[in-house]
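Okay, so chain A shows up in both of these, paired with chain B first and chain C after.
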Partner chain A sequence: MTSSVISPWEVTGRIGRYAFLSVVLAFFALPVLWLAFAPFNAHPTMATSFPEFTVENFRSLMDNPNALSSIGNSIVLAGGTALLVVVLAALASYALSRASIPGRDALLYTLLLLSSIVTGTAAMVPIFLLAFQLDLIDSQLGVILVLTGGLLPAAIFILKDFVDTTPRSYEESARVFGASPLQIIRHVVVPLIRPGLAAVTVWAVANVWGNFLIPFLLLRSPDKAPASVVMYTFYTEGGQPDLGLISAFSLLYSIPVVGMFLFVSTRYGFRFHGGIKR
Partner chain B sequence: MAAITTTGLGKVYPGGVRALDALDLSITDGEFFALLGPSGCGKTTLLRTLAGLESPTSGSITIGTSDVTRLPPGRRDVAMVFQDYALFPHMTTADNIAYPLRVNGVPKSSRHDKAAQIAAELGLAELLARRPGQLSGGQQQRAALARAMACHPKAFLFDEPLSNLDARMRLEARSFLKRLQRQLGVTTVFVTHDQSEALAMADRIAVMESGHIRQIGTPVEVFRRPSNIFVASFIGSTPMNLLEAMVVDGQVETCGQRLVVPNGVIAGLANGVSFVLGLRPEYLTLHTASVPGALCGVVAVVENLGSQQLVSLEVSGTTVRCVVTEDAEPALGAECWLVPRAERVLVYLDGELVEDAVLSDAR
Partner chain C sequence: MTAGAGPTMTRVRGRNTGAVAADQDAAGLGRWRAGLFVLPALVLIGVFLVLPALWTIYLGATDFQLTGTAAAQPRIVGMDNLLSVFSGGGFAGSLLLTLEYVVGSAVVGQAGLGLALAWVMRDRRGVLRRVVDAVVLLAWILPNSVVAFLWIALLDRDSGTLNALLGTPGFGWLLRYPMLSIIVFNIWRGTAFSQMLYSAALANVPRSQLETARLTGATPWRQLWDVVLPQIRGHVLTNLLLVSLWTFNDFTPFLLTAGGPDHRSETLPVFVYVTALTGGQLGLGAAISFVMLLVNLVIAFGYLRLLGRRKDGAA
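The block that comes next holds the complex of A and B.
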């Protein structure tokens, strides 16, 4: 069919489709636009509007003693958790994929189910008590451990799938050449499941970055609080949310995650390889 | 370089599947040895047990002078080439070939020199910087061979080395592998389910069935004198005719006909003994004119094999196949007579070959 002949019905259909898509796009674009404009607006409101341009919001943000250091805290928490999750999940998923243990799948599903409880609201009291007994209150290590515990089962689940699709003959080949188990993991398994490791890292960082409840409850001193908790403290003297500060801080807060995503996506492209016959 | 010996080697999987049953095998130094059998016969398990990837439940394995039964794969000094080659997709050809040296702690520059040298021997010199995904099937196979050669093993183990190649490449790779094995003189064991591959490449063949070795011999022995009905039916690209027969008055009665076979074994059988007569299609001569004492049948199917024709004859309800040259193609439905070559007639009593004292001496 040539494009020169288009029936009126088709035209109407196309107009309708694009109109619908525009509405959906606007719906999702508005909050992003707010995030782009409000930080530079002298009098930000909840509505998106062209700003009366100023960097005053950022200047007052710098005056806040906890603002910048909280981003550093977030990086420590996210980086520490992601590192622990990736290392432990890689080892565990490799073992679970290669060794046949009776009831392995049941174990994995149970862990997955429980993990949503561990970091969920329901388990907050016992976790708080546990952290208290272990002297991990107001310690970044404590937050990292709790978050790692919550993320590990899902990470193992994701990575086990990657390891499952990697043919065993790669490892067996390395074994016959005399490679030790750790050499096999370093030389063969990790490079083969690298896209999976990248995906899990990004996912873990994003999870920790956005987590409010656990650091809010387990950390006491304001200088240890991550960005997600510090943002909660931006109020005016009148008790109203200080939209100027919040919007400026939100922009700073989102940049590292977006940057990380772009970096990992261009570097690894989240492509799958290794499981498919070459 | 080393001989490989197994003594009473057994492997029982949990759940009671007996993959290998007390195998005694001795492969001499420098031999090109084939493990041949249908799928599930235990040939791959045997190869993996030799490599150390599976541990036997009984028996022992000796490579060279040392007992390696309990040694891990890396310390047996053997190299294995897998069916899918298992080239590491994230490494270049050079890194792949140099991998065994890397494991052994050889410094980077000298192991790359070594890899380049081996690659040049196998015609891979131009491809050192490529990843396995950028190599053709034949090149991947050679890269896998080069990697196996890099560690100078006492023995090579090949798992179905030709099965991942297309038909044309397979013939080429067959001659290539055979020449390479001759040159290197390293003891080589390979697994295959394709009897023509085993016949073409191996110095000796072990034919396996459900965990047992049914015959060990040179390709000529295995083809000409299969020692039991299983081997007889498995070896040969055109399957052997195995006919129920009986001795009647010193003559062979099969398919309701009398067949005159001047054969020492049959002459030695008592009257009324029933046995299985093994006649290879290649060793039957087809006559279009009546021959006394020959099997008489009607041509049912003629299959073209290129320079030869495979003719199926209906002989009193039984199909008997015979191979004729391209000029001697019989007409469909024609009555023909089959005369076996007396010295190639095989007699199986209770499934086992009856050896002819006179013939086996003459061989």
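The block that comes next holds the complex of A and C.
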């Protein structure tokens, strides 16, 4: 290696690189700092400042009637949707992988295409009317069903990849010993594709947890609203926004998704699935 | 009924086609039961995904409203809605704003900054890289309504951090520059995806080629332009199509500006909401939705063709 003189190009390059990275770092960190400091500040303002430390803001969170129950609602919506998506996608992807269904690949691609076109935003009018006709307005089940319909095609697509790579010999042996297809799925296939199931679960939960539009569109009563909608009402409903409450609530509401990402990246290593976020 | 009949039919069929099915159908599913496994998913997708898309077309052609006589008996008005959408002043302006939003924040902003970050960080490991990756990713994973408020606080007129840093107290960014605000916001929000995609793509560019280019005296810019970009062209196209699709359908501007002030940041998703849900003109709203679905279709088709071509190329 020629460890020769550093050229002027490299010097300017290095300075430019560090300048660029500092600006980027500041740009990305600045908005988030408020979330780190304001919840513990006795007198929070819109500005980021080092706090006069307190946990009083979290106490006012406990007293707010909608705050904690909305986190519960978010858990119901995210849990219900994730469960439905994982179970239905696992059954469908297994059948699509193992049985010869005519036009299977065309079907899969069509569904995937549809799910990327018919987004909640583009189809909000018919989704609203559909929920109205099916008596699903102001029903958490309605929100779960609409979200499940949107997430299923991609979930089936991802899981089928996992099923395709598992060896068939285990299933054949289980069958020789008289196991039914459902038993085979539960005791043979599910343990083999567990990483895939985990990935789909995390992806579905993250999607629903942050989703604002569908519950905002379909739910009416404040006591059914998930955290995303309640958070919005906290700062849009008239009067002076209660910054102590908002900051503590944002932190509480954000921690689960951040924790989930940390868990996934330490447990499985953060592998990049292209196009996984909707 | 049908559920009960399924398994027995399966067994008969399974024996008949035994030899062929044996290596394909390891668990002995058979067509019928396979169909039953797929059915629940298909029903949900059909009702909550396919039906809304078809309904959009029907609604777009009627004068459907939330209340009043038109609510009880919608009339078919044919292309009138679509025509009034295009001739109405609101739509053209909103479409233009949406274009500005997509090009500015997704195509130029997210993809450009994502590529720049991936390129600058390509050989780095260690603390700096981990910190940068973490903050960029954090902006991407935090819930929508939380990030929206973080930016409202950052840009606040009286006590926002940005005004404090710039020494411009009392400057209302969201009121004076609503489009610029949501564009910069969305760059902040979504760059992580492009950065990760380009990092993965750059890792596949052979070391030796970059080294050769460097030894022949190519500047980093020339290396990027002449050596790297031709090799990751597929990734770039994938990235541009996906971020355009997502940004085109992004409802988050509603949380920041609600389309205001005076419709100046009313992108199509917000425009649909305001027309159909706030204004009660469902037919008109559906007609705008129809146009949005068409745009989505074009982008998604481009993406699928790209995927198909890449698969063929690999095989």
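Keep this in mind: the second predicted complex is superposed on the first by the 205 of 278 C-alpha atoms of A that agree within 3 Å, B and C clash if a C-alpha of one lies under 4 Å from a C-alpha of the other, contacts with A are read in each partner's own complex, and residues count from 1 in each chain.
In the analysis below, a residue touches a chain if its C-beta (ideal position, glycine included) is under 8 Å from a C-beta of that chain, and two chains touch if they have at least 3 such contacts.
Here the structure is a predicted model, which is why all the values come from computation and not from measurement.
Asker: Return first, second, both or neither, reflecting whether A:11 touches chain B, chain C, both chains, or no partner chain.
Answerer: neither
Asker: First (chain B), second (chain C), both or neither: which does A:114 touch?
Answerer: The second partner, chain C, only.
Asker: Applying the touch criterion given at the start, work out whether A:172 contacts chain B, chain C, both or neither, answering first, second, both or neither.
Answerer: both
Asker: One more residue to check, A:62. First (chain B), second (chain C), both or neither?
Answerer: neither
Asker: Contacts for A:101 in the overlay, against chain B (first) and chain C (second): which applies, first, second, both or neither?
Answerer: second
Asker: Which holds for A:146: it touches chain B only (first), chain C only (second), both, or neither?
Answerer: In the superposition, A:146 contacts chain C only.
Asker: Of chain B and chain C, which one touches more residues of chain A?
Answerer: C
Asker: After lining up the shared chain so the two structures overlap, which partner does A:192 touch, if you call chain B first and chain C second: first, second, both or neither?
Answerer: Once the two structures are laid over each other on A, A:192 reaches chain B alone.
Asker: So which bits of chain A does chain B touch that chain C touches too?
Answerer: 169, 172, 174-175, 188, 274, 277-278
Asker: Which positions of chain B touch chain A when the two form their complex?
Answerer: 51-53, 72-76, 78-80, 82-84, 86-91, 99-100, 102-104, 132-133, 140, 147, 151
Asker: In the complex of these two chains, what residues of chain A are touching chain B?
Answerer: 167, 169-170, 172-180, 183, 187-188, 191-192, 194, 273-274, 277-278
Asker: Write out the stretch or stretches of chain C touching chain A in their complex.
Answerer: 21, 23-31, 33-35, 37-38, 40-42, 44-45, 47-53, 55-56, 59, 64, 113, 116-117, 120, 128, 131-132, 135-154, 156, 158-162, 164, 188, 191, 193, 196-197, 200, 219-220, 238, 242, 245-246, 249-252, 255, 269, 272-273, 276-277, 282, 285-286, 289, 292-293, 296-297, 300-301, 303-304
Asker: Could you pull out which chain A residues touch chain C in their complex?
Answerer: 9, 13, 17, 20-21, 24-25, 27-35, 38, 45-48, 84, 88-89, 91-92, 94-96, 98-101, 109, 111-130, 145-146, 148-150, 152-153, 156, 168-169, 171-172, 174-175, 181, 184-185, 188-189, 206, 209-213, 217, 227-229, 231-232, 235, 246, 250, 253-254, 257-258, 261, 272, 274-275, 277-278
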